[in-house]
């Protein structure tokens, strides 16, 4: 608001303390709850305006009750959810099992084309049944041990919500309700008095968006905003920058249908050739972690025993040479396909990798593309290129379960998987069906197997995000802050 | 009858008494006079006389040389990474001359990158300006000369191009083709054609009503011949001046495209891209964006200085401005004497 | 400078001296250096009389006029001499003082009537501007004055035409408007630079008529610049013949035309097509004036003069009295005081 | 309306014949709502071979428009033009080019008609770039260029200079040399000397005269300087508001004008010789009426001191001198040449003027 | 004048249609939006549904016919991204851009007229040289760089203005300060050139002959005559701004049409893109007509039919080719 920014420009610290001002990277296209797995939507929606039945604790990885208080299943197929009583929607109506059922139907079983549908649920529809006002059963086609986790992506909306059109301004049950949306300028949320849980500290939350990182940082330093997302170390935020591990992993995905990546030695060589430690140290200020697999610690299935590939330029050269000696055309051009501005310093990273792969004896051409173009390389059916393709991917597992990673990236026909093997597919299938310790173990095997026998990926790092936070605010980011910024957790600093 | 031919050579007015000075008024006799005879002063000499334009020319020449030979000399330097030597400040002799302008976030020499970027920048800006200038001005001259429907249609086409979002064009070209220097040139050239088209058309329309063009028509000269002989030479200085302003614009447009991520793509490197990439290090490593920015500004100013001069130098009615006041007097001072 | 003109005040005479120009030098900047376009020009203009400045194209007539009015192009500047208007030296005045004089005491009609009016303002506004500047009149009052002026110079229906734009007037009308503008504040001196060259004879006659009337009514001194001998003969009292930036000859019109004492004047008079000589070849002055860059030492006319001798190549003749009231800058002007043509004199 | 009779002094040798040529321009609508400006309104002209026809008239009466129309720079709305029996407007391609070669023009303004960015040599030899067959080799062209320069009184070294380096008179000579480059048979001279001062004017007029004598060129000579016209032309046509209102031999028109406008013109012309000045000068009232809204009937009536009611109602018929009750005197040198088909002196006026000599006689008789 | 206006409007309507058709066709060359709007692992069925829902499965000509049918009923389609009416989005963003463009141009023109006239008083003099340096530098600094430095200096270090946003007058300072540079630089050059030639015109001397002071000569007589070329260039520059000051809008979070357009392009949000282009093209079309009217207002000679005679008059007096018409950018 005018008053706020006016005061802010003057002193910086004297921000009105009843409003939390957040500055995002981009404006949410909509606040449609069934698309809240999209970062730009979810960051506002999730657990703030709308709430799911079940919520994953990003720190512990445990599922916690939200609008459902209990859930259970005998066979991992039919799941029964007990719903919380006394919950009200922002429009005053009471939350019942009807609403929960409608939400699931709308998001998963409709023709709405919701983003969660493809992202979290497979092609199959779910059976939903309202038992009574507070009881709901959800039936999966096949046994699904992580169905509650999947359900945690479904933000509950009233049953009256249109099932044929998406909504821009949702009605939810969350601690904040949407007060106003000045399209292009800002979104204002106001504390929902009828909230069933604890009242948040801030009466209002105000979202703005700036695409330049340095501008977001500047807004924190000048006192125009309290929280800024998606900063990078260069944005000169100083002490006000708070880093956090953000679940994102960067890797190179290699195709294997052409020379030289059709030879596993070359793919191994790529892994040896990249100086991950060096990159992390010099480009990312040592905050990122060198990665050995596509999921970071904290995700079910993360294999703690895997160690990253050592940086060994000599070995890389040697492997390439060996392949060459065996008749592999190691001089064939490889396109290193990179999406512009996907994450901080991606251009620099791409150039470093190009350089290091060239050192190893490969012929690498850098291809920086805009999102839509890059997607044609990222998702099946893959665009053809004049040569072999190495795609830089940034994968974030928001769900905390490796299934969300491996199904996509490692199965033979996975939407974002360049290739796989039958054995790996089998391992994955087994892991998907497993539960508990067994599940953890099974996915660990999957990751170990890929690193040893498939080598589709050259892992680079598990990234660290950074938010800017004014000294007047008390908020601790966690691994999901980038996807769901729970403003209700923020408090004025003492 | 004899009167008529009096000033023809050989039949001087004073018949037998022909003296050198009396020989003629138009043909200078003394060597000194003959030397000064050429009244269209040598352009190069005029250039040397204007300090500003001269320094502009020198800068442009250096830039051209850099673009021509720099990459061969410093190509390796520009790509040699050294992650342990990242973001070193400039003007530190201890780092060696290669790092005189500092190093970037990958430890590459800023100097080397600047030099290599010169070629890309010129390869984008010069052809883009040249292509747009050639097409736009020839088209405009043609449209303005013929007037009528050709003029109207051309102006409407210019309107279309002007109101077309050039960014969309950029994305289309980048998507349908691939991000390459040639395609950027294509976009920038295409979108700037109307500027020349309009200017050339206006001048040409004015020129085609001039009497000397009518005169050419009376010999039966064809329109194209008239355009080549009479219209183009007059329009050229204006178009050239415009082209220098456009040169600056094109460099900027290219950097804006880089900023939006749809321009020159790494590993190619241009001044605009360097500024764009360097902007995030503004507070931590100012030299990454300041030096390429300066390069753009200095080149633009130099081109403009030269163009301003060229405009005056080629305009007979303005050329006197290039004279430095009181520099040289061509005034004969002969004491007048009363005589009987 | 010896080439000044005494211009003595004849007491009790109705034609006091208004303008006295002496030794006027004007230099022009060119890419190859400075050249002198007007060199030591001098003349006087008297109230109620017309002085004609005569000379061929490019000889410096307009330059002299503009120098007197202080309106030279930036390419040129006055480098010597005095210009006295009513006894005040204009060249010594500050820019501000000169602006006070401009329009109020000295009016000028520029050579190119077709372009000199500002195309974007109605003529009424331009006519009234002098009143607004010097008399501080309101726009309304100035407009009234403009209408009166237009009526005075014979523009029909001034009330309706006062708001018309210059391009809506014919050449002759525009010329009248310019004259009206120059005489708006009844200046003491009016300089008219080729006011009729672009016009045909019937309009020319009208304009000359107008000038004559204004001169008589206001007792103005008029400096009339032209290269038309016939106009000079009909309109002027005195004439100054200029050649290559210098004054070649001056004196009362009848006297100068009857007995020219400079070979240039004589040559000019001989090249007039006279009715009787129809179809025959005309006499002309061979060659062309010297380029400003290459003004010869000695007499400026030497290259074209049939009488030129060694003396002419070495010494520049000064303007001297060769007959009562008549001056010429020629070493041999005495030779010319005959009825013979130049050809005959030479041979 | 009867056409004004007009024929050259020697009936057989007609070079150019113009019949009823009308040209209108589309212009901004005037107060009366008219937007068609009749610059030429039924022009009839004949030029004989080797003859000089003078065209005089007030500024804006259409002289240049006529010249431009004859040069095919404007297309007439109606009427015919025939040069040596050929209608140039019907020609195309090679034939048109051949015609262009034979008819040339010198433009009114020596400053605007030369391209300032070309040298004199380039300007003069420009026509050969179109008429390539005229001089095949560069050497021939060079030789001809020098010849032309010499002819117009310039020197070979002048070929390298650009127009700004020449004085007005010299520029006009370049224009003439350019017109001569194609060896034309008819040259239209649009005020060739009005920008020049006396001595230069004399040079140019002499040159033209000499060329005519040497090469037998015909001229149409447009000017408003009557003393010059009188000096150079054989016959004169007087234009007023897009029409030719009087034509005849130079002497007839100058000495014995039939039309009041011609008389006014003659009388307004300043004279160097005080003796030649008319005792009383006819000063016309008012301005040239707007060609957009020409007066009804006789165009001149708004300024004519002899106008009566009929002038406003009827366009005046063409009247010959004989019809006006004149004794035909003819021109001495033509009579000497032995032609009996003397040119006719006609004017369009309801009340043609009396013969000044007769009037003088009457005055004497009355006195 | 009215007939002229009518003619102008009719003759400019066709380009408007051409622009829209061109944008329509070109946008569809940039690939299928489905991958941007559907989950990465969307099934073929989902893709087909998406295409059918948005009419993307039809042949291009049918799509175009549908679109124009809609346009005639003022239905400009809905945004793929936000589900809002495309027209509403474009109309919401446009005023922000217009405000920015108008303010920028007004400031740029005023400054340029002052500086340019000052420089023109003594061509090639010291003031002129300084102006030429300053203006050229202003015109050649990358705007995004200037914007970021501006934020750094004025918002963070000095704290005088907010970094970005649209709240309050102070927020306008940086975006306009950034945007004004290029028009200012280009216009100074043009105004200077036009003023140099205007001050050399004979009517200036006429004004001086009446005793007009320097300031009167410059402001009353020269400026108005010099306005036409400046107007042309100012028009072109305004077109550039109306088409969206993308960079500045992006950096300062200015919710304008430029940002909307680039987002729509990058997000393949065709309906919004088309609505934006239609709107800007319309605005440019109106702008061109306004400029034409301004010409006539500034210069009474500019009446369509009298143009020919004016050219004649001008041509006949030009002793040297009129080289004074200054170049523009």
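In this document, chain identifiers A, B, C, D and E correspond to the written order of the chains, with residue numbering beginning at 1 in each.
FYI, a contact is a pair of C-beta atoms (placed from the backbone, for glycine too) under 8 Å apart; a residue touches a chain by one contact, two chains touch by 3 or more.
If you want to know which protein each chain is, UniProt gives these names: B, E = ABC transporter permease; C = ABC transporter ATP-binding protein; D = ATP-binding cassette domain-containing protein.
All values derive from a computational prediction rather than experimental measurement.
Here the chain-to-chain distance from subunit B (ABC transporter permease) to subunit D, counted in touching steps, is 1. Steps from subunit C to subunit E (ABC transporter permease), taking the shortest chain of touch contacts, total 1. Greatest centre-to-centre distance from subunit D is found for A, with centres as Cα means.
Highest C-beta contact pair count among chain pairs: B-E. Chain centres computed from CA atoms place A at the largest separation from subunit B (ABC transporter permease). Subunit A and subunit E (ABC transporter permease) have centres, each the mean of its CA atoms, that are 40 Å apart.
Taking each chain's centre as the mean of its C-alpha atoms, subunit A lies 91 Å from subunit D.
Centroids built from CA atoms put subunit C at 45 Å from subunit B (ABC transporter permease). Averaged Cα coordinates give subunit A a centre that lies 52 Å from the centre of subunit B (ABC transporter permease).
Of all residues in subunit C, those that touch two or more other chains are 281-284, 286, 288-289. Touching two or more other chains at once are residues 30-31, 148, 152, 250, 266, 306, 308-309, 315-318, 320-321 of subunit E (ABC transporter permease). The set of subunit B (ABC transporter permease) residues touching two or more other chains comprises 1, 3-4, 7, 24, 26, 39, 171, 175, 210-211, 234, 279, 282-283, 316, 322.
Across the complex, subunit E (ABC transporter permease) meets subunit A through its residues 30-31, 33, 35-43, 45-46, 49-50, 53, 81-84, 89, 92-93, 96, 148, 151-152, 155-156, 159-168, 170-171, 250-253, 255-256, 259-260, 266-268.
Residues of subunit E (ABC transporter permease) touching subunit C in their complex: 200-203, 205-213, 216, 221, 224-225, 298-301, 306, 309-310, 313, 317.
Within the complex formed with subunit D, the residues of subunit B (ABC transporter permease) that make contact are 1, 3-5, 7-9, 24, 26-27, 39-40, 210-212, 214-222, 225, 229-230, 233-234, 316. Of all residues in subunit D, those touching subunit B (ABC transporter permease) in their complex are 68, 71-73, 96-97, 100-101, 104-105, 107-109, 112-118, 126-127, 129-131, 150, 153, 155, 157-158, 161-162, 164-165, 175, 178, 182, 202-203, 206-207, 209-210.
Of all residues in subunit A, those touching subunit B (ABC transporter permease) in their complex are 213-214, 232, 234-236, 275, 278-279, 281-283, 340-341, 345, 347-348, 350-352, 354-355, 366-370, 372-373.
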